[in-house]
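Read from first to last, the chains carry the letters A, B, C and D; within each, the first residue is number 1.
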């Protein structure tokens, strides 16, 4: 039975608490938040839960083996370090930190202490993403050519981070999970329309080896909500529409074929191929349930999480450099 | 009665011939193509049309007042120069030339001779684009924030130009037409997956004054056909779906409002506003009919076309610099 | 402060309990169900709620002023009669009863006792339906021509009622609410594919005066979920797609115009008219909140509910006769 | 080389002429129409085509072996009879005749003379319909449960026939082609909103053996264009959206399973099954090309067409009885 303490009960924390409580082999003993109203709300939902406005009480609690952090990103590093220092396993919401250097420090600390450090890259635990990964790894797509994704709507403006830090962690963690290559460099553009220096529209390009290219469009100012990803390979092509209630992942048996010819004019001939479309059944499991279960599993078995500190660090590295590139109007930054 | 000669009867030329023939005050006397089969086809459709494999015959024909050029882009400059030199008005398909310097030369030549030089930016004559321009100019959108457009499908690969030169002229000419500012700089990324050095996927960002940003996604490798443009302003937002048979332009009464407050924590408060959506009727006129009529009008009245040589040059400038930026992995290029 | 007792805590009862609890001037004192597990669940959610397996305890409770019935339809009549006999106001889920004669008895009883009898026609309280009613009553549609609706999906088969009794109460209550005429007759067809005598697919036509016609397609065997209604009038036409998250009601400025001519061949000339489409903002209020509030209001102010016993009776009359018509393969039945 | 004469060059005739001309082994020698402007138009398109305002010239022409009839339905019988009497094969547009008895006469006449009589049920030659027929015949759907179809839009009102005679021939011929049972009876409802006695909205139910049920919604007064058909079977379910440019036929691996149990409460248990969706590639052949080729083939080989006189007669029988049922407000009519 894993005993968990949760720091931060705002928008996302209660979902984590609910899911940890639902695990067969875990319990949530204590949670903290600066806002007493949030604590009262948690107490009403779970009368036996201890609450406190001092997050250090969560870390200091002798029963607590794992600390779950769902606070603003600027506080992640300090809280996670204290928790690891106190010998607790840490589950931290994404993005792991607000700087690359802090991320390294947390990874090292967890490694030194032999503790599990996991980042809440929830999409990595969705059935859609895992179906796509399975199709890529199984060779069904052939060589991956590009991944292009849009995550746009009339969104909740954040007061302290731009749209890249807010929305792109989803897409970057997905790309990191399904593209089996290390990104080489990044370039990004964006614009701020409210005059507060925080971009509300941004476009990020990630370069991988073998001419694989990833592109992310994040946007708080779109009249319509779009959550769409295209992934094309040499054999098949995927469109993933996360808004679609029933036909999320479509696999198109479409592509191009390059035929080498001896024709005197062109030495390559490009042919199109179109076939059936297939829409595999995607189980309707809650990703968060799998994610919290995975964290408990990793602690019990002493293994590295799928979304471990390094994965979290790679996402932060991309975010930091995307922001740098935006400030330099699209300058390429090597990773 | 304007007498027209057409050079190039491949994919697009026949559409131009048909539309010029349909004009009340114009006739097509002669057309040329290197391929005799194309000429035979035109002859079958219009028995009285003269045909030739030598484009110079079209230019030299004493009756021909206006030369229409629908040949591969690499030949535009030479043919257009000869035609202008011969004192003919010129309608040239987009892009005007394959280099910025050639474009300038044509503009100067046309100006010196007092001839009309028009570029076939067909979208500028569509009812949808003009409805959008009307909404922007009438102030209904408020300040324009961004324009984001996608023109993707499993496309016809070109043997000599990349996807930017092939598809982006549409989007660039649209942006040039509806955004009432001069672009300041451009940055682009892209990738080539067939190994012939011609990008098949590309992303272009255009920076305008006042933090207006334009973004274009062009792609020959998409399993689905998308022709979608979003334009957001401070008051309303537009989604234009050119694939939709009946509801092409949707105007959303949505936006954000920045309220200055005296609150001690934040000095701005951002509020969302959502209202009705309106889908104006878009007349189903053929853009090409309006375009050819406009060319004839400009000749008759001695006025500059909407899509004149300068507009053509601005598009070429963007294309050339987008390509340069792609080769330098997103380097910003001042315009 | 209205004191409510709820009979039936299966699928729908908990939603009613939650909404009555959320009312400012109401409380739920006691609830009953035959299944102890359901009662335990309710107790867990609302520790102060009394529970019982004997519905008569709810009716007998001296504090309870209003009884809410959310049990299988075959039990509605007996329970509602007992509650009214005991002097309680009654809110009964749809359909009110399983026979027309029982419905009349309940209406009479409520009238005699001066008690409120309301039926849970929830759709009548949705923002979409009320927007449509407003458009019709305001004359924007002109004369209503027809209403055609589909409510289909791979549905929950019921063990004791056919698809008409299960799904059509929604559509019939909507038609009853928005069409300002009394239905004249009904005809229906359907089919049973499981051999249990309960139709799983059915088509119902309702005839109104002035050639207004209503048609309902209900279906438990559809691979896709459709909740779509078309309403055409002489001036405008509506499409209501209840599945659409953001563009539920579309109003088309389309129609036909009949022009009387003196032409010798035809004495009428029909012309088409197409204009803009408009999508009014539909507030995202929970219909059930408005419905429960309306019940409390009616009790407090002594007024008839919008969905009173008579409305409930009219729906039952249609259901009963639709079923009769199906058994007679489409025979028209006068209402 | 088959020599064809065409009677009627209005809306559809030119399409037939074009397709017969495109056949390798056929030519069109002569065509007729009452409207000289239509004939001039045909002459312009095909200068060698003979034209006449007297359809009897087409029939009398000694070279003409086959007469193609694309005139208003009320004239089909007289023209087809004359052509058969003159020993010509006949291709007649749908519906074959405007009465059942006339249809029988034509079938008998063609049989007596050993001539081919084919009806232009074009949908029977579409790739979509044939894919669906293949799935049904191959057993992939299991037992067919129902077919439900909608063909609605703001349509061209006909001056002499109602919406059933105008639009339902498509759906009835499709049902006749893919459901391998003889229809038992028909019932229909509809309404006329222009006061000319011609229904503009109608709903038709067709009863087949084994509880198979077909339903057709045809409508000239819909603000949106819908061409959708659902077909459910015991194993799989199909949705065919003929408006969709690329994903016309979707096959859902969904259904219900009836499990016999020994449970004391219910002796059947219904279970749902949902799996993948599959969208087979549908070739983009023009149905009319296949249809005209089939006619030429049948003449050459002396075989019965797929859409022969009997198929045409069955469609007319349904149309006639649907109209009768509408006039009797849904009365079932045995076939």
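Here is the rule we use: a residue touches a chain if its C-beta (ideal position, glycine included) is under 8 Å from a C-beta of that chain, and two chains touch if they have at least 3 such contacts.
Values in this document were obtained by computation on a predicted structure and should not be read as measured data.
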Centroid-based (C-alpha) most distant chain relative to subunit B: C
Selected pair, greater C-beta contact count between A-B and B-D: A-B
Between subunit C and subunit B, distance of the C-alpha-averaged centres to the nearest whole Å: 53
Computed distance of Cα centres, subunit D from subunit B, in Å: 43
Intercentroid distance (Cα basis), subunit B paired with subunit A, Å: 38
Junction residues of subunit B - those touching two or more other chains: 224, 274
Residues on subunit B engaged by subunit C in the complex (per definition of touch): 247, 253, 274-281
Residues of subunit B defined as touching subunit D within the complex: 224-225, 245-246
Contacting residues of subunit B [partner subunit A, same complex]: 145-146, 148, 152, 154, 157, 159, 185, 187, 189-196, 200-201, 203, 205, 207, 211-213, 215, 217, 219, 221-224, 230, 232, 234, 237-239, 250, 252, 254-256, 258, 266, 268, 270, 272, 274, 325, 328-332
